[in-house]
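This structure is in structure tokens; I'll ask about it shortly.
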Amino acid sequence: MTAQDCAERVRDLMYAEDSAAQALGIRIDAIAPGEASLSMRVQAHMANGHRICHGGFIFTLADTAFAYSCNSYNQRCVASAAAIDFIAAAQVDDVLYATASEVSRGRRNGVYDVRVTRQDGQLIAVFRGRSASIKGQFFETE
Amino acid sequence: MTAQDCAERVRDLMYAEDSAAQALGIRIDAIAPGEASLSMRVQAHMANGHRICHGGFIFTLADTAFAYSCNSYNQRCVASAAAIDFIAAAQVDDVLYATASEVSRGRRNGVYDVRVTRQDGQLIAVFRGRSASIKGQFFETE
Amino acid sequence: MTAQDCAERVRDLMYAEDSAAQALGIRIDAIAPGEASLSMRVQAHMANGHRICHGGFIFTLADTAFAYSCNSYNQRCVASAAAIDFIAAAQVDDVLYATASEVSRGRRNGVYDVRVTRQDGQLIAVFRGRSASIKGQFFETE
Amino acid sequence: MTAQDCAERVRDLMYAEDSAAQALGIRIDAIAPGEASLSMRVQAHMANGHRICHGGFIFTLADTAFAYSCNSYNQRCVASAAAIDFIAAAQVDDVLYATASEVSRGRRNGVYDVRVTRQDGQLIAVFRGRSASIKGQFFETE
């Protein structure tokens, strides 16, 4: 099994269980070892008290891209920490794109960067997440 | 009008517009100048591909507590950056409590800390947000 | 041996090897399990191109307080990540005080907060560090 | 005056005042608008209580690269916040290279990324800094 096959299989198994991504309408547009590209349309229920997209949903999209990239090796990982810088606001009906790439990956921990952009290419946010390996795999390997 | 009256009025006006907080079932349990306490029950649609609460929703709860605390002076503020450390996982049906307090508040920027705990007191996450003032108020002051 | 005795012994052994803290004139004013209070006078060579204390030295003081607090259990730890928010500038000859406290401590990782204040009580910076255990102890325990 | 000329002139004026960079032996190897490459040899006085380079000095090098990149437009800026992830340890006599690049730059705030590597190309740390404009320029423009 190639690393790319592995990443695709994890994506399928992970997404099937991923109620949050499904409920938010997040799509996994591309996957590769240590990389993932996702998209999400900002829905009306994601607006906050300023009537712009709640930063929590921008974070959630980025965090989901992070999760698909760091889990792509079939070793379960979770975020131990994450940080986000918000660059520009997003509005309802904007489509947001999150692209995750691997900065570093060790036995127990990894660091991943995610850029979130809008349909017109405007940078919306940058996210950096730290992964920690936990027990378990998505599928058994012989 | 006292600072406490101001904070309560902002909370009411902000929450009425806050589709995200409403849709997530977030409750504003307490408010004071620079402080806010919120709670949220983890719902099934908040579970991720590991079947635990997606970190994005823990972040969103914390970010919402941050927003109510930093906006409590009736000067509109948004998050320019935020960081979260995840301490323990939350499960579906857990009730999460987020308590925001002010670390520092300047003319343009502020720093706020949020602790997220579970119904049994276990610390779930710590969040630190940076606020930036934007134009506008929630209500006019004479 | 009490936890307090352990913390004090680690402090002594660690400081004896700590060329950086010594060279910067950092003093370990107090130590306890998971806690440390340090101080440092801002020297002329710590000024940056704006003629104020270089943020790197404020970070270094905070990071040192973090190190003494997370190593106080005689299990060697290093920082895997840290973040700092700068609140106010420090000038040459200011005395800075860094107080570290434990937010969370697990088997492998911990989270520690450090507040840096000035001689007049003004908050200068807040720091949050993540510790990771590495192999080794400062002294053998039977 | 071109943007590149401006960046070089700021570098010269800033470095002449930058006691910290000079005292640490930091060299400004390259400068461009929004970008800077620096290097520093890890000296014996930079070792911490584990006998490896104190993270504070790795941060200081990265923060200095950040400072030269964000000030390169001749508008004075300081760091309002910064975060660092430590990937690998550095030893005394290692030479560290810090390369800063601009993620985003607005009227008041910017975001800059810095990668710190070792002489053999090993990634040592990644740093992300937030700049805030303050009053003043390094040289007068007519």
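Lettered A, B, C and D in written order, each chain numbered from 1.
Here is the rule we use: a residue touches a chain if its C-beta (ideal position, glycine included) is under 8 Å from a C-beta of that chain, and two chains touch if they have at least 3 such contacts.
Computed from a prediction, not measured in an experiment: that's the story for all the values here.
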Worksheet item: If you average the Cα atoms per chain, which one ends up farthest from chain D?
Response: B
Worksheet item: Taking all residue numbers at the chain A to chain D contact, is the shared part over half or under half, that is, same or different?
Response: same
Worksheet item: When the centre of a chain is set as the mean of its C-alpha atoms, what distance in Å lies between chain A and chain D?
Response: 29
Fill in: Inter-chain centre distance, chain B versus chain D - centres from mean C-alpha coordinates, in Å
34
Fill in: chain C-chain D separation of Cα centroids, rounded to whole Å
22
Discussion item. If a residue has to touch 2 or more other chains to count, which residues of chain A qualify?
Written reply: 80-81, 83, 85, 130
Response to the item:
Seen from chain A, its contact residues with chain B in the complex are 13-15, 17-21, 23, 44-52, 54-57, 59-61, 63-64, 67, 71, 76, 78-86, 89, 134
Item to complete: Show which residues of chain A lie in contact with chain C when the two form their complex.
Response: 80-81, 83, 108-109, 130, 132
Fill in: Contacting residues of chain D [partner chain A, same complex]
83, 85, 87, 103-104, 106, 111, 123, 126, 128, 130
